[in-house]
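Shared between the two complexes below is chain A, which pairs with chain B and chain C, respectively.
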Partner chain A sequence: MVENDYKSNSSAKIYERGYRPWKRQMQPKKMVLLNLIWEEIKLIARPRWVIIMFIILRFLLIVKDILTVYGISTGFFQQFPFSLAYAINVGNNSMMGVTDLLLAYYVASSVISRDRVSGAYALYFSRDISRTEYLLVKFIASAFYMTSFTWLPAIYKYVAIGAFYDFTPIDYLKWKNFSLLLISLGYGVLVMAFLNSLILLLSMFVKKGWYIAIIIIPLRYISDTIAIITFLLKVKYAPLYAGPPSYGEYILYWAFGISNEQLSNNLGFQIDFLAPISKIGSIAFLIVLGLSILLFSLLYYKIQKLEVQ
Partner chain B sequence: MSKEEAPFVIFYNVTKWYKGNVIGLNQFTAQVSGGITGLVGPNGAGKSTFLKLATGQIKPNIGIVRVFNKDPFRDSSVFNDLGYCPEQDAFWSWMTGKEFVEILAKAKGYSKEEAKKETTRVLKIVSLDDERADRPIITYSKGMRQRIKVAQALIGSPSLLLLDEPFAGADPITRAHLGRTFEDLRKEGVSIILSSHVLHEVEQFADQIKLIYRGRLLAEGPVRDIRALIYDHPHRIKILTDSPRELAKYFVSLPSVKSLEITDPSNLHYGILWILTHNPAVFYKELPKVLVSSKVHVEEIMSVDDNLQAVFEYLTQ
Partner chain C sequence: MHYEQNLLSSEVSEDDLKNYPVIVSNLTKIYNNDIIALSDLSVKFPKGAVGLLGPNGSGKSTLIKILLGLVKPTRGDAWVLGENIKSSGSHLKWNIGYVPENDCLPLSLNAVEICKLFGIASGLSPYDALQRAHEVLDYVGIEESRYREIKTYSTGMKQRVKLAQALVHDPPLLLIDEPTNGLDPKGREEMLELINNLKKVGKNIILSSHILPDIEETCDYVVIIHNGQLVVVDSLNSVLSGAMQRILISTDDNATFVKLLENLGCKIIRWNYDSIIVDLETIDHTEIIKLAAKHNIGLKKLFRPKKSLEEFFLAALNIDLVSEV
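On to the complex of A and B.
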């Protein structure tokens, strides 16, 4: 107890009022942020039933994926890189696949929205955690889940398709094959960066994660519809008009080095009206990359300006 | 002024408004040094805005806010030595109290093991270091929630605590316990700024009071000076009695009484004697003697102006 008694004729107690600088030795900032990312990953995984539901969904999708891979490999898709690109893009890990959206909804609603609704912003921002660090923690924690949901299918589809083409272990490790897996993983990161930025940004405006799903799911279907119409109209850059949800497969075709001719052969019909795949794919890649940077910048700006009301 | 005596919190000409032209603070200039400072004002006066600005939750539209000479909105390092207890519940309510405090201890920079120890320490301070700490927060009473919020603010033994309405909704036991906790912390050299819309909640242990009203600093000073303000402004006293006219005769000659008025509510057997005094301190000394000597039955005495709202209205006239 720090107590002065210079007022000897008074019963009043005068306590120390001077400021004593805080000198506690704490963990380095990097460790603090790593701890927080881990805590955030654990927080997203609660309640447990949601994660169990996702694991079950994931398992069901593995079954569906294996059947898809089997169909691709035994059907008219004969060329290995094409079948892998097609399989990677199909359904659950396309640019805005169903699983991604479900997961994105859940992650978004349990990351920033949760803090917003619960008022926990105030608890983060009254600690030595800057708004940039807060965003970093949230982004990495949700990226952990989103990337795992794009990487896992890429890996087992690579293994499964390889098996259908009678790959030996050496074949899997050959650079010309293995580089395709790395490209698939890189594609997963791109999907994550785009979706994560979009979803986290939206989650700053809505109170419930369902609202995000209501906004995003129609985008997927509108994109598909535009893709079909522009294809039927034989528009030269048809896939680009459909927007990012339809870009995934063309980015993969471009990255895998698939030509228009190979695409025509594999699809079984001529697409000679289309601009070169390399052009469409690279433009799609640049658009998605640019949008991801733009969305993340907006997210960063919003977080910097964020006031806890 | 030496470094030790420098104020911890400085607000210079700070104005903060919210959407819809709602003014939070209006050209507010104040500084806070050590000890316990009570921010007192009615609801919507700007107390929470003050604390949110001081903790970097929001930034001022105009003016300068400094805590430990740093801008709390831009420089988060200021929070190493600052604990904040928000007014609203800010929980992940499905968590247990212990988990909640532990996570925030990690956010403060403690390792896993240290966070556990620190959690036990702060929970002990607020008397929640028992099996209740392992229950989900959603099952907590309002008082327990207040304690948990205060506990998380104590993590890291900060020199400055900012507590927004820490007594709000708390039961008497919790209020008494929190009051003792704050006094103990002051003895350890911790400075505290706490807000309340009830003066008597904070006057027991606050060294300084700042009266805030409609976003402005109305008055500041030691508790006794603020209390004197209340006694210095005209008071109306309401006396419910079965003989108001008889009683009025005894008061009419008192120098401290400015005017008398009698009203007779139709639905009561009693009448009301309204007394206006310019000198409440003297009047309250004389009151018991007058009542005894009059031998009139008095049902109720109420000082209707002995509240902050009346003081604020008086000061802003």
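On to the complex of A and C.
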């Protein structure tokens, strides 16, 4: 070995603590991935404004949803014009609100955008983390938030509706009631899979998560507008023309087994021009499921082909 | 070509796997069926610090990426710390710390969060990762600023955090790519001191750099690759001692003296009106003194210049030196 005489001439700071070796105790792979997911979840919520915004918006939506449930239970909203009733019916409120979507965009897009902009991929992949595992860690961490955006409303609406109908604790646990909650939670997972894949895929192309919100939120409004127009024009499969963001309530109607007649009574006007709700709902379900799989596959492909600097 | 023979054999024995932290054998990487990044590269990296040199596009980065498992070789094999990169398990990467050349630190996180995150990704428990993050940040000299977001850091601080995250799991092998890029002289000196210190504590280091004095100050061996092929593998001492075969002369009439030297059959490596460089294998320095005295030419300088790694590097790649030694 060659001894350089560099050290003796150096005027650089001598680090007093020196290098401390580490006694190696490595975790099993499953634990590594779980720890990484939890770390990512904490890092997403690191900016305090995200937590504060989430709590404020969620609180406002709770108030709004409770008022909606009260309004429906008293028949109050049936006196309103069709579009308003349509916009605030129970099924539509099961969808993620635009305000929630804003946070969802932040959450889902920041996890991958952060690494893409900084080039941190290289640091992950130089560890024992495969690209597939990387994608799963990021997907699950953002899904934690995305699912909570859809699950929380479902849970508190279940509790609120039960309260209006004087449910006892046992009533809440009865299968015929509880199964309705499970259907809503299942729907939440489907929405999450679709939106999470879409947003993570888009985040592979933009530098900041907010750019995705700027692109997607107007699309959400446009799709809602199309839904209303096609409905007014009495198009047989009108809900399907509106695109996946508006499919949610029909998937729930199908899952809850609601008929056209029941829905007409609930809305206060006839919807017999529509194809059977169950058919529309099942087609919508297949489309969202197919798109979720397609988007996730594209995301997977994109991650596998990433050029690491 | 300049080789230490036992370092370039493509044959790999059991002893080699114990003695050399990194071995590549007939390694070839072809991108898109036509871009040859590495061509039948066979070299053994000795223990200690090894400088990896080569011009842009020579294949250095591809070699590092193959060792890290980021790129699959088209042909050939590589062993890191005795394990074949193709068949080894996850623990192979536990043994490697990587300091990339490019920006790689998430700007919105602070140094502790980064070291902890990549400590966890390296297999440490969250508790251990946090403890270890503080240790390595202490070591690289990131003090109170460790809780500031990386986007507020200077280039030198970012480089040290990059080194810290590579050390968080205490790997025996470090792959360091251009560690002093963009650093001021003080930052550079501190970074080189850290690398030297790591060498002293027994880390094996492969240092890829285009700043040749960095290699001279830290490395024991050099590996030079060009167009994906091995050009040189040798100890730094051996490489630099090659300079002893030449002498620098300065006289009060260099043009005349060059003619006199050429008449004696002396090989002039290059000359200008300030100096003449002569190959000592073709003339002895006493003959030079006698020649100057005989023709009454005043000798102003006569010494053996120390060859720099830069000169050797350019010569190895057959690139003419423009500047004087």
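A few comments on the model shown:
Everything that follows uses one rule, which is that the second predicted complex is superposed on the first by the 259 of 309 C-alpha atoms of A that agree within 3 Å, B and C clash if a C-alpha of one lies under 4 Å from a C-alpha of the other, contacts with A are read in each partner's own complex, and residues count from 1 in each chain.
Heads up, the rule we're going with is that contacts are C-beta pairs under 8 Å (C-beta built on N, C-alpha and C of every residue); 3 or more make two chains touch, one makes a residue touch a chain.
Because the structure is a prediction, the values reported are computed rather than measured.
In the superposed model, A:Ala120 makes contact with both chain B and chain C.
Legend: residue contacts after superposition of the two complexes on their common chain; A:Ala275 is shown touching neither chain B nor chain C. Of the two partner chains placed by the overlay, chain B and chain C both lie in contact with A:Asp128. In the superposition on chain A, A:Met26 contacts both chain B and chain C. After overlaying the two complexes on the shared chain, residue contacts for A:Glu39 are found with chain B and with chain C alike.
Across the two superposed structures, the residue set of chain A contacted by chain B and also by chain C is 1-2, 15, 17-22, 24, 26-27, 31-32, 35-36, 39, 43, 46-47, 114, 118-129, 308-309. Put simply, chain A touches chain B in their complex at residues 1-3, 15-22, 24, 26-27, 31-32, 35-36, 39, 43, 46-47, 114, 118-130, 133, 307-309.
Interface residues of chain B, counted against chain A in their complex, comprise 3-6, 8, 18, 33-35, 52, 55-59, 68, 76-77, 79-84, 86, 88-94, 103-104, 106-112, 152, 156-159, 186-189, 191.
Residues of chain A touching chain C in their complex: 1-2, 4, 6-7, 10-15, 17-22, 24-27, 29, 31-32, 35-36, 38-39, 43, 46-47, 114-115, 117-129, 308-309.
Residues of chain C that touch chain A in their complex: 47-48, 65, 68-70, 90-94, 96, 98, 100-109, 113, 116-118, 120-126, 128, 132, 135, 138-141, 165, 167, 169-170, 186, 189-190, 192-194, 196-198, 201, 216-218, 220, 235-237.
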